[in-house]
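Next up, some structures in structure tokens.
The same chain A turns up in both complexes below, where it pairs with chain B and then with chain C.
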Partner chain A sequence: MAKHKTPMLDELTKGPWPSWVDDIKGEAERRKANPDNIDYQIPADVCEDWLGLQELSYKDMETHWKHGGIVGVFGYGGGVIGRYCDMPQQFPGVAHFHTVRVNQPSGKYYTTKFLTDLCDIWDLRGSGMTNMHGSTGDIVLLGTFTEQLEEIFFELTHNMNTDLGGSGSNLRTPAGCLGKSRCEFACYDTMALEYSMVQQYQDELHRPAFPYKFKFKFDGCPMGCVCSIARSDFSVIGTWKSDIRIDQEAVKAYVGGEFKPNAGAHAGRDWGKFDITAEVVNRCPGQCIKWDGSKLSIDNKNCVRCMHCIAVMPRALRVGEETGASILLGAKAPILDGQQMSSLIVPFVPAEDPFDEIKEVVEKIWDWWMEEGKNRERVGETMRRMSLQKVLNVIGVEPDARHVKYPRENPYIFWKEEEVGNWDRPIEEYRKRHAR
Partner chain B sequence: MAFISSGYNPEKPMENRISDIGPRKYDEFLPPVIKKNYGQWLYHEILEPGVLMHKAESGDEVYSVRVGAARLMSVGLIREMCAIADKHCGGHLRFTTRNNVEFMVDSKAKVKPLMDDLKSRKFPGGSLKFPIGGTGASTPNMVHTQGWQHCHTPATDAAGPVKAVMDEVFEYFTSMKLPASVRLALACCLNMCGAVHCSDIAVVGIHRKPPLKDHAVLDQICEIPLAVAACPTAAIRPTKIEIDGKQRNTVAIKDERCMFCGNCYTMCAALPLADAEGDGCAIMVGGKVSNRLSMPKFSKVVVAYVPNEPPRWPSLTKVIKQILEAYAKDARKYERVGEWAERIGWEKFFEVTGLPFTHHLIDDFRDHAYYTWRQSTQFKW
Partner chain C sequence: MASVEFKGKSFEIDEDGFLQRFEDWSPEWVDYVKESEGIKELSDEHQKVIEFLQDYYKKNGIAPMVRILSKVTGYKLKHIYELFPSGPGKGACKMAGLPKPTGCV
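Coming up: the complex of A and B.
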């Protein structure tokens, strides 16, 4: 018998998509049966009380978690999201229900040994529930009591050689796409950059020293599989400078129908025979591709490297050999002044281990934003308040037409005094030429 | 339950403390075929929905089977995945940036036994533990947030509506019959954790009533200037109020200036605003993050409000299906939802989807709003 009746949640056990309700119920039963005879360090019925509380939220259509919660581990200013239920008498198992963010390995590759060891810790000291993964990338251990936080941290660091992720006004846990590990589009080693950056900036991640949160994300190419342009303050996106590599025989295999366009991504519907003119040449945003019936040519000087032709014909077209990355700055969600995607600040930067050129840009941005950014102002908002020109100046990059989608439409132009000549003009001199 | 120490000594908290070690290095976790061919991949194919093959310069192949997951999951389920990975994949697996799970094998012969095993596993209620799909022109997993499971500021739930939506669009997860991939996302308040602002079809929890004011405790539990500065429309000002003959510092809110974002509650626990009747979801469409063909786009609000209807949010799922099917029918190959809507024009978008256009959809936030109105005589009847 379940501890609480959950008629509404039970409706969510139906349908084909994996049911989290059935999964939690299963965990509740495992904890009750306790086949491994674990001496649970938080209430054994935590999952039952959690389901009960959620059922109440479904009935009330309002959350039942109290505002905020400040908990953590000594030495760090973040990593744990404190949470307390607002009906602790009825649901004592979730009176405390803190989340522990655990830093995930790049690309989210795991061995079963690692995951099982982590499950062992969490079985004993937590609710047995997780998020795999949080939106920023962390492994999320969902629900434990305050007394267990140091114990969990001790086990993570001593037994698993793994640290907490970030929370608060600091560098949050970086994330990247899977990059060179399993993708032919990757223009640089995103997993290596992610690891290098997270190790280099551990202090900035664990001890909040910023005006507000700051995120890194690393995409291997402009397809944006980790959404860095929308979901990180500092977005590094792979690109190339040299020509797209063309295998003419493979192009013919696509035209001949031997290879499936877009690797077969549209195979579930009859879109007709592959039409290279309609599907590739005419769709190119740079209008820089030609197909003469036997040969494909690309005017690379007019290519904007959008990836479309490469994505449609991955066996025939490859990214150029001279690779690196673009750096874009300032993405954020709407609060406070509206949503932003990152804006291009460095069109091309080399991206090879130890990634010094990228780190140099990061540190210049931080030096400036840590000084100038207002309380709870994302770097994208600081950039809007103080101008893109200021950012370019800070990182020492010459303004370039690539920095804008289009030039300004208003003539409210600031000039520097040194660009013009002396601004300190006596009115008397003016009056000698122009009577009052 | 008896307390079991990990070895941590609360009497000497800083003794034997390890810090700043970061995550484990990725190369400890790579399957051998991935490690061997790292950076040497030539091309890939999608063999069927949910199954990818990557070919390396060495001639090696890796087959990946992608399965849907609820993101919110138990250690029991993770252990079950580990058992599958031990049996078929040499003890390796990975998670995607959309919270699907990928099992990888190094030969084609190993794919079918793996898939058969995955397909055979169901939860007691009948839902699939490991539905295979999410590749190509499909609706992969829905990026989502904490909702009523764990957060204090939501205006809707996360895991519940996501399950309801994914059940409704399930056939598009397990097939590849759309014009392009359709990315779904949900955020339970307009902090928009995740990807709502840049997804093809997205749901965001909204409030419709101004905050309550707990004057009796406000000045004890809030930094008043932070609450004032938290308001995007400057609806909040500091004020004084008399309670039980005692003067208290508190805030006043101009209700007609408040658009219910809830950011003041984030900063000040004395300004709660959740409300069963007021809260619900807005639906946004047309965002994308990829640079393919067109530049990245923000999603746009096309439905200002649908009510919360737990446990299955029928109005919400109906509208999402309606948009998805209108797009599937009308859009050209490779065209994302936003590219389609912009090509046909937004007035046509509302016509073909059958969604009503209301005053709430016209931007009225600061300077930017003007640029969203139509400074042209070009429009369709």
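Coming up: the complex of A and C.
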């Protein structure tokens, strides 16, 4: 018999999608039965109280968590999101319900050994509920009490060699697509870059020193599987400089129907026979592909590397051999002055371990933003306030046509004094020629 | 709301142990909080940070940004963590009696 009645949540156990209500009820029962005889360090009925509180929120149609919460571990300024229930008498199991962010491995590859060990810690010292993973990438341990935070941190670091993730006005936990580990499109080793950045900037991740949060994300190619262009202040997106590699025999196999377009991604519906002209040539945004009936050719000078042709014919077309990455800056959600995707600041940068060229750009941006950024101003907003020109200046990149989608249409153009001569013009001199 | 008694003074605090009212601050408060913030003995450097936070708060109605705290006190962030292990927000601001930091923390 469950502790609280949950008629509305129970509706969500119906239907084919895996039900989180079922899962949490299962965990609640497991904790009640306690088959492993665990000396639970937070209330054993945490899951039941959580479900009860959730049901109440469904009924009241408002949240029942109190505002904010400042908890953590010594030495760090972030990593734990404090949370307290606003009805602790009724739901004592979730009187405290802090979230612990744990730094995930690049690409989120795991062994069951690692996950089992993590679950063992969380079973004993937490709610048994998790989020795999938070949007930024962290492993999220959902719900524990303040007294357990240092205990969990000790066990994570001493027994699992694993650290907390980031929170607050600092570098948040970086994330990347799975890159070269299992993708033929990857233009650089995103997992290596992610790991290298996490290690190099531990201090910036654990101790908030920035005007506001700052995120890194690393995409292996313009497909954007980790959405770096939309969800990171500093987006590194793989690309190439040389020609797309074409295997003419494989192209013919696509035309002949041996190979499925888009690796069979549209197999769920009959789209007719593959038509290379309609599906590849005419869809190319650079209009730089030709198909003469037996040979595919690409005018690479006009290719914008959008990935479309490669995605349609992955067995025939490959990214160029000379690879690297583009750096884009400033993506953010709407608050305060509107949403932004990242803007191109470095068109092409080498991206090889130890990634010094990329780190150099990062540090120049930080030096500037940490000094000039206003309180709670994302770097994208600082860029808007102070201009893209300023950013280019800071990172030492010459302005270039690729930095804009189109040139400005208003004529409010600033010039530097040294570009025009001298701004010190006595009005008397002018009056000698132009009487009032 | 919970209230604590210490050395004859009474303080109202929230769940995170932050003072509910800045006006309630007194030197006894610092004495009371220091242990839970991992501080054994209070040095002049601790005092300097606390005093600056309070001055800034009285003047501006908000806590200073980290880099302003560093600039004015001359302490690098690393040193601030040596002084206050839970950092300038949870550690120093709490001891100075400032309101709890808010936002996406």
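What we mean here is this: the second predicted complex is superposed on the first by the 436 of 436 C-alpha atoms of A that agree within 3 Å, B and C clash if a C-alpha of one lies under 4 Å from a C-alpha of the other, contacts with A are read in each partner's own complex, and residues count from 1 in each chain.
The rule is simple: a contact is a pair of C-beta atoms (placed from the backbone, for glycine too) under 8 Å apart; a residue touches a chain by one contact, two chains touch by 3 or more.
Fair warning: this is a prediction, and the values are worked out from it, not measured in the lab.
Undergrad: As a test of reading the superposition: which chain, chain B or chain C, is in touch with more residues of chain A?
TA: B
Undergrad: Tell me the contact category for A:N393 with respect to chain B and chain C: first, second, both or neither.
TA: So A:N393 meets neither chain B nor chain C here.
Undergrad: Touching A:N300, do we find chain B (first), chain C (second), both, or neither?
TA: So A:N300 meets neither chain B nor chain C here.
Undergrad: Go through the superposed model and pick first if A:A209 touches only chain B, second if only chain C, both, or neither.
TA: In the superposition, A:A209 contacts chain C only.
Undergrad: Counting only touches as set out at the top, which of chain B and chain C does A:G68 meet: first, second, both, neither?
TA: After superposing on A, A:G68 lies in contact with both chain B and chain C.
Undergrad: So in the superposed three-chain picture, is A:N375 touching just chain B, just chain C, both, or none of them (first/second/both/neither)?
TA: both
Undergrad: Determine, under the contact definition given at the top, whether A:H266 touches first (chain B), second (chain C), both, or neither.
TA: Touch status of A:H266: first partner only.
Undergrad: Output check: A:Y76 vs chain B and chain C. Expected answer is one of first, second, both, neither. What do you get?
TA: So A:Y76 meets both chain B and chain C here.
Undergrad: Can A:C225 be said to touch chain B (first), chain C (second), both, or neither?
TA: Touch status of A:C225: first partner only.
Undergrad: Output the chain A positions appearing in both contact lists, the one against chain B and the one against chain C.
TA: Residues common to the chain A contacts of chain C and of chain B are 66-68, 74-76, 203, 375-376, listed in rising order.
Undergrad: Can you name the residues of chain C that touch chain A in the complex?
TA: 15-16, 18, 38, 62, 65-67, 77-78, 81, 85-90, 94, 100-105
Undergrad: Can you list the residues on chain A that touch chain C in the complex?
TA: Of all residues in chain A, those touching chain C are 66-78, 81-82, 84, 96, 167-169, 203, 207-211, 213, 370-371, 375-376.
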